[in-house]
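Chain lettering (A, B and C) follows the sequence in which the chains are written, and residue indices restart at 1 in each chain.
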């Protein structure tokens, strides 16, 4: 038969490759992890490894199970959405041990500014103070209760929350104007700002009170014909009222 | 291979009996032939262990239990860096400054010139004052993390199957299987992966998989004081993610790469990348 | 130093000097093999002198090629997972299979068939341990009848024909490893595998020229000029194609001017000026091309010609190494945020340092020395020099 007349070389090579392939197959059967490919191209047991990782943050729910009094206070305060462990640090050990491993209590003056220190990149409306000017030397907690941080008195200035706007206005031509010159501020805005937004001017005439050529105001104030100036655009479409003649 | 069993139907590939019943009408010779072929190909697949590789497709069709997602509202982020801090503490991460599963970037767009971005120590210790000189047009913070893409390039390139997307939509790393070739780090367009300096394997955000599977929130979401981070299931009707999507104009990062991220941003302009 | 913004996780460069070495080595393998196949398949008779030498060169470099990868892994002990559970969508996983195919089915087989008759003869002549080594290498096949030798010839030719696309695959896929990373605009390009392939051919021919000239010097033999001339010609053609392709890639990027163009321009003018403009383009491409043209087609004395060939081939190696550097390191010197540049500091010692790289670069030559001793590739020129 022709089959058996294969050249010697090929017979040797076939045997060699056969051995290699058999070794490969056996190696695969031995070394491929048991759970590989159960769900996809990975070890299914890897998921369990990840799941087994230790939890360090217990979650606010766990805190409130014992500290229901604090929950009571906090849930009505500005800090109702601030989880306990933001300030007190990871406390899973404290929860698991049933009270040991007391969580940290940051009382220093440098802690609260992590959130409430003035930073112009923070969204407007978020309460911020310039730490160096705000009751220097006093600990925050001597006036503000962290679990119910309602300020001891109503903020006198809008700058408490709108610092970025306030500081720009202070160096602009509008420095002498009070916020309320243009904005109407409902009383509830101070307690519940998002649900009680301030009123904003709706018509050109608000600016015209000072800037119209017929207005009875200081002579140095720039005047335009408020009816025709700017055509169909409203004043604030072009001028930024908090810094009207921007330098650049 | 036409003659071979279809592993997606759950047949044991080395079992030729299922095939045999259909072959009654055929000649005895044909039957024997197909029997041998079936057995041979089945045996080959089985011995190679490839039957489990083929099973992948079948499994993927099964109903997914969850589809986790995160939403981030730029308008609410105050850049306090508590998320970065909590992430490092929860996951016992290296303290050195250049390993982050999540970090916060600050964007400063001057009136003239290009947007400047910085993230000193991932934003964990706050941000220095904006450099004097340029008038600022706008400025905001953007928290970043692994996007847990539906079409993850990192998983695609992993040579051994040590990183994968779970059925509930979380991209994980198998630290006991990763060879540490760093190809996934190269393939991630978001810089979300790093080489763990002690374990010598790729490491990344897990959405705190050990927490979310026990009903807790990811650590960064838990500690976010302004609810700038929202976590939930993308496909559940009652989900904070659903509400976020309903009321916000949101986008994903680098959509042109078609990675289909599961982290959604509201208020992030095109300069965020 | 660092400039602009880079993602915090990008401070550490992921792929170091060793990964520069890896495509450089595989390039040499593919190039040297393709050169060998020119003689075998396309019957370029002038090259018969270097046929066996290029085969052994390819083999020596192929054995070393995976070592830098292995040394770079975070867990080298898990490397075999790439064979056990290869991820079919990963270009890197396919490395194992392309490599195994190329080593076992192409190079080793071709060397074996080519040398088989000699091996059998040596196994009869030599004494001591060498005899047993040769005996083992015969794989038990001792038939050197004319018919069997003719079969060797035919099998060798067949393997070479299979080997050419395999060599293309070997280096083309290395290009694909980089070219398919869509996250990286410096890498992501369809031209990447093709550019890699032609630069591989360039580097392979150049290394054979170098090795050939050096070995003839050592052996006090006169190099075969027709062969050298032919090698130089092929080198020139390959370089012209390679250079045009790279130029095309460059112009294409510049013309399309996508989002990434600003950072890539910064990258070239700030970080890669020396390695791209100076060493890759001027020193590594234009200068050697001019040198070869002068030596091959100018009226130059043979001695001068050899010197020019040698210098050009050496410069080509510098240029090709720069290409690998510019791709691998260059692609990691800018942030994927497209807002900043980072830096790479080469370590001196350590597993990924300069010494290790140098060692791995020298290792193929040691292996080649052993191979040459074991399987002498020398054939005397068939035509007068």
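In this text, contacts are C-beta pairs under 8 Å (C-beta built on N, C-alpha and C of every residue); 3 or more make two chains touch, one makes a residue touch a chain.
The model shown is predicted, which means the values in this text are computed figures rather than measured ones.
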item	value
Innermost chain, where centres are averages of C-alpha coordinates	B
Chain pair showing more contacts of the two, A-B and A-C	A-B
Of all other chains, the one whose Cα centre sits farthest from subunit A	C
Centre distance in Å when subunit B and subunit C are each reduced to the mean of their C-alpha atoms	37
Separation of subunit A from subunit B, taking each centre as the mean of its C-alpha atoms, in whole Å	22
Euclidean distance of C-alpha centroids - subunit A vs subunit C, Å	52
Multi-partner residues of subunit B (each touching 2 or more other chains)	53, 161-162, 177
Per-residue multi-chain contacts in subunit C, two or more chains	84-85, 87-88
Multi-chain contact sites of subunit A, meaning residues that touch two or more partners	28, 32-33, 36-37, 41
Residues on subunit A engaged by subunit C in the complex (per definition of touch)	7-9, 12-13, 16-17, 20, 24, 27-28, 31-33, 36-37, 41
Interface residues, subunit A side, partner subunit B - complex	25, 28-29, 32-33, 36-43, 46-47, 49-57, 59-60, 79, 81-83, 85-86, 89-90, 114-115, 117, 119-123, 126, 246-248
In the complex with subunit A, residue positions of subunit C that touch it	80, 83-85, 87-88, 104, 109, 113, 116, 139-143, 148, 151-152, 155
Sites on subunit C touched by subunit B in the complex	5-12, 14-15, 69, 72-76, 78-79, 81-82, 84-93, 95, 177, 180-184, 332, 335-339
Subunit A partner contacts - residues on subunit B that touch it in the complex	47-49, 52-53, 55-56, 59-60, 75-82, 86, 89-92, 106-108, 111-112, 126-127, 130, 135-136, 139-141, 161-167, 172, 174-177, 206, 209-211, 213-214, 216-217, 219, 222-223, 225-227
